[in-house]
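So, here's a batch of structures to check.
Two complexes come next, and they have one chain in common, subunit A, joined by subunit B in the first and subunit C in the second.
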Partner chain A sequence: MGEFIVRRLLLMIPTLIIVSSIAFFVIQAPPGDFVSAHAARLEERGQDVDRAVLEAMRARYGLDQPIHVQYFRWVRNMLRGDLGVSFDWNAPVTAVIARRIPNSILISLVSFLYVYIVAIPIGMLSAVRQYSLADYFFTFVAFIGLGIPNFLFALVVLWLVFSATGSVMIGLFSTEYVDAAWSWSRLLDMARHIWIPALIVGTEGTAKIVRVMRANLLDELQKPYVMVARAKGLPQARVNYKYPFRIAVNPVVSTIGWTLPSLVTGEMLVSLVLGLPTLAPVFFRSLQMQDMYLAGGIVFVLTFLTLIGTLVSDILLGWIDPRIRFSSM
Partner chain B sequence: MTDNGNVLTVRNLKTHFFSREGTLKAIDGVDFELKPGEVLGIAGESGCGKSVTAQSILRILPKHGRTVDGEVLLSRNGAAVDLLTLDEEGPEIRRIRGKEIAMIFQEPMTSFSPVHTIGNQIIESIRLHNRGLSKREARARAIDMLHRVGMPNPASTIDEYPFNLSGGMRQRAMIAMALSCGPRVLIADEPTTAVDVTIQAQVLELLKELQGQLGMAVIMITHDLGVIAELADRVLIMYLGKGVEFGTVEQIFHNPLHPYTRGLLASIPKLTRGREVIEPIQGTVPSPYDPLTGCPFNPRCAHRMAGVCDLEMPEVVEVEEGHRVACHLYPKDAQT
Partner chain C sequence: MSFRSIWRKLDNAFYALTERRRTKRQEKLIEKKSGQLEFASQWQLIRWKFARHKLAMFALGVMTMLFLMAIFAEFVAPYNPRAFREDFATAPPQRPRLYCPEEGRWYARPFVYPIVRDFDEDTWAVTFEEDRSEKLFIRLFVRGSTYRLMNIAFLESDLRLFGVEDGVISLMGNDTRGRDLFSRIVFGARISLSVGLLGIAISFVIGIIMGGISGYFGGTVDVVIQRIIEAIKAIPTIPLWMALSVALPIHWPLLRVYFFVVLILSIIGWTGVARVVRGKFLSLRTEDFVKAAELDGASNWRLIWRYMLPSFYSYVIARLTLEVPSMILGETALSFLGLGLQPPAISWGVLLQDAQHVRVMANAPWLLIPGVFVFVAILTFNFVGDGLRDAADPYSNV
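Our next item is the complex of A and B:
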């Protein structure tokens, strides 16, 4: 198990390098660079732009160097934990990310909990009471949840909340808490807002996991070991709880690997639609401005977090399923 | 109700499966009795309802299956309880399952949970029926049981997961689990079909030996008449959900009455004659969904009497002491 974790951690290094390299070159692909984007913006506002100043900026940021030199310098610094400087914010990339990432992580985390805490029991209920009214109801709801695009769902939820309460629950905080320091009341205020993005981000995943859970459990319920457990004289509830429920959860744990990235991208989209103070608007702007170290840094950090999440889910899976523990670890 | 000296009596058992396609009469009239300490063999082709009979007795039918008629009488201190009248999920039947009537299942591979050790699953059974036992005592008993079924290194094998054991070892673990609470009746549902030919003989030998030591009554389900000849005291022959003939081993093998029984006996490879002759029974088993009138065997029967066999269901007739058959060749009025 220890060897497995080390191997997986080592494997993350090339993955991260490859992903961030792709990010670097994709960000650099459009013509121009940050300085030209910056100049265009100044001109838009009617300010004069001095070519000499621009060249000086290029030299300072190393943008006058050939692209491969820039790239290798970036990778070398990254290995030292230095993600570079955001030209746009005039601050270290790590500082810009650190300010916004807690909100992103919180939304993803709450969506994640929502997905699994809601989906697993509903999937179980649907399987145990197959073809019951409850099963049909949840199957229908899950079908809708899968079919609705997230942005449309976001608008519908906003409208519903607005027509029910008369307030626009956009954002993560009420106005008085937006710039306040963290405190219990700020956290509470956030909890009152965060369920909207979490609901929007998590619903598609929930619908998928309900179906996975239901199918798994239906499969497990008719396995011979269930009948064997009944033949021992165990009460039905204990039979279900100890054997088929427990075993049907294993493949659900392995779905964490593909839910995490979709939660992260879902969070980005919803934050843009709802205008939440997460990494998403920062990322969006960094792409527009060709603020490449910031954009690359965000891709790097999000990929890193997703890989860590997947690793944790694999460790969890090995821990709960001896078949996997014995075969691959 | 008295038990007439039988530990288990099954009367007119009928178990049906209800689905969208219709009603499947998996068991449609099965009768037998089992004396303490004796071995009853149940034989019949695949799909004739042997496993469903066993599941009906323990009331552990799969979803959609329901026993619609009959009696399953288990003797208790000279009196008899009808298991079919008990609440299927109630404490009474649960005290009987595993403790008084235990079962060995057909598929040792999938009969254990893959994510629990065999020890966990055996000890669970022991502790369930022996409330006073501590964890350590239950474990010691499980190890002892594994030892008795010939498991190598039981003290360490007990902590193995099923997928780390061979098919033969798993079946031994299954037997240990079934016997761990000292049942009075053991139902062995084709305990050897899923294991290697070389292991089959060992498993049968083991069951025979344990039956001798522990003195429990055994219902041995098989489609191998050779196994029955070797182990059983009495035999029930089933065809398409019905018990068609019941008698002692001598009666069935030396004086088979039902044409189906004769066909089965004839299909045993006769190696003793120096060459292998297999005489298959004509035709195929009709679908249990089709409402068949008359004797279920009549479409395949060489002795079919038109106008009788295809119209009327034959009644069970006791042709000689303890030897019963359901066939029009043995009409009821010819008796007594």
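Our next item is the complex of A and C:
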């Protein structure tokens, strides 16, 4: 097991290199460097721009160096926990991200739990009672969940809330808790609010996993060993629980690899539509202001967290299922 | 009687009902099987298997309609999508009716009531109401403003699929600047649907090349490409797309922005194809017919194009169909956020920008209708893709 974890960790290194180059590309992609963007903004405000100061800034951030030198510089600083400076916020990128990211992670985590807790039992029910009324009902609901884009779903929810209460504030907290320090009552208050975004974010994932689970279990239920177990006289429920369920759940665990990125994506869109105080509005603003160090930093951090999540799920999977632990050796 | 027992009865009745249909379908299949199956070509088998997938067949019909609508947008839309009537901003949809309550009689031809603008003296609010005294009958093939079909010079016409004489018909209401929403949706289908198709076409090319190299040559190249794919897959799509789309200069012409948006969407799309192609290449390399061709002295190129690709491209196409929805969604989400295509371009995402402000939307919920079209398009591609994927492998439990 230890060897499996070490190997999995080593595999992450090249992945991280690629991801960091993509994030760096994001920083570099807009025309002009951020110093000229900064100068343009200063000029817009009617302030004087000193050429010498700009050149000094370029030199300080190494923007006069060739691109690969800049990349290594960025990576080296990143390893020291420094993702550069956000000009818009006038603060280190890490500080800006750290302030908002807990809310983002929380929403993604809650919707993640919701996806699997809801989808697995429904998928099982649909498969065991194939073609029953419940199966048709859930298949239908899953289709709707599959088709509705989450930002559209969020818009509809926003509209419903607005027409019911006349307020556009969904938020993560009630007004009295917004700026309060963390306490039990604040946490409870958050729990009362967070289910709406979490539900919206999780819909698509739930729909997909229900279908995966149903298909897996249907395949498994047709296998001869199930018939043998029944012929032997085991009650159906016991057969299901002991064998096909366990086997059919494994591929579902491996779906974590793609549900995590899609949940992060969904969280971003839904937060933007609902106006939640997560990383999403900060990211959106950073793009509008061409505050690219912040934008690239957010892309990198989000991907990094997704990779960590996938790593944990892979290790879990290796722990549950020895075939995976040994097959990739 | 308890709820439980009612449910059980209902459930059993339902099961029995659907069971009968299922067995009938099975019998029909066996009938066919005994006669023609042995002599059918692979394409025939694929067609038969696809046709068994009722939902996919239905979805294929809907999809065809959507595409016809997009291709003949000028003909289907009753008005020019850019023509506006300032006074009728956010005018509500007109409901087609057959029954006239005033006269208490039914009509064979559907009609709408004209919308009149009113002004509330007290609140200064503009209101719209149906004028019940007049009826506008909906007619097929009405003469309207002239247009050029698909912008081709000699296809100039003024014939529209439907419309009304002496009046205005707006089946889905007007947008915030008084343009006919239905016409705009019809035109929006062009961009929104073609983004998906062009996107997978690009993904397909990149995917086949990368997956082919990876699977055919193996070794270090394979490891490197697999790492790249894995890294790209781990990046949450929307943030990356958003970040890349801000790099597009604002002064670019529409067509170039469109093309680059599609390219940005394909950056992630190709990875799925590459994986599938690689897997197929790996498994095909050990097949006897490939070995035989190789021993026969066929070149690498010939091996790939003549022997290996034809044996799985139907499967790859089926898989590609399943990638279309994420492309359509990506374009819609980007444009909705104002990062993808910008007005005056018309796509479903651009149309949804109007719905961004909840106060506007609450007064004019029909601004969400483009979202319904997105929903339908995504579902149809999913269903057709599912059907194709099952059919693409016609020898598995026919």
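Heads up, the rule we're going with is that the second predicted complex is superposed on the first by the 275 of 329 C-alpha atoms of A that agree within 3 Å, B and C clash if a C-alpha of one lies under 4 Å from a C-alpha of the other, contacts with A are read in each partner's own complex, and residues count from 1 in each chain.
We adopt the following convention: a residue touches a chain if its C-beta (ideal position, glycine included) is under 8 Å from a C-beta of that chain, and two chains touch if they have at least 3 such contacts.
Small disclaimer: the values here were computed from a predicted structure and weren't measured.
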item: Subunit B or subunit C, by number of subunit A residues touched; value: C
item: Which superposed partner A:247 touches (first subunit B, second subunit C, both, neither); value: first
item: First, second, both or neither for A:133, with subunit B first and subunit C second; value: second
item: Touching partner for A:287 - first (subunit B), second (subunit C), both, neither; value: second
item: First (subunit B), second (subunit C), both or neither touched by A:310; value: second
item: Partner chain in contact with A:155 - subunit B first, subunit C second, else both or neither; value: second
item: Subunit B versus subunit C as contact partner of A:172, first or second or both or neither; value: neither
item: Touching residues (chain side subunit C, partner subunit A) in the complex; value: 7, 10-11, 14-15, 18-19, 22, 227-228, 230-240, 242-244, 246-247, 249, 329, 332-333, 336-337, 339, 352, 355, 358-359, 361-362, 365, 368, 371, 374-376, 378-379, 382
item: Interface residues, subunit A side, partner subunit C - complex; value: 14-16, 18-19, 22, 26, 29-31, 131-134, 136, 143, 146-149, 151-152, 155-156, 158-159, 162-163, 168, 257-258, 261-262, 264-265, 268-269, 272, 283-284, 287-288, 290, 295-296, 298-299, 302-303, 306-307, 310
item: Residue ranges of subunit B in contact with subunit A within the complex; value: 55, 58, 60, 62-63, 89, 94-99, 102-103, 105-107, 110-116, 124-125, 128-129, 161, 163-164, 177
item: Residue numbers on subunit A that touch subunit B, as the complex places them; value: 221-225, 227-236, 242-243, 246-247, 250, 320-323, 326
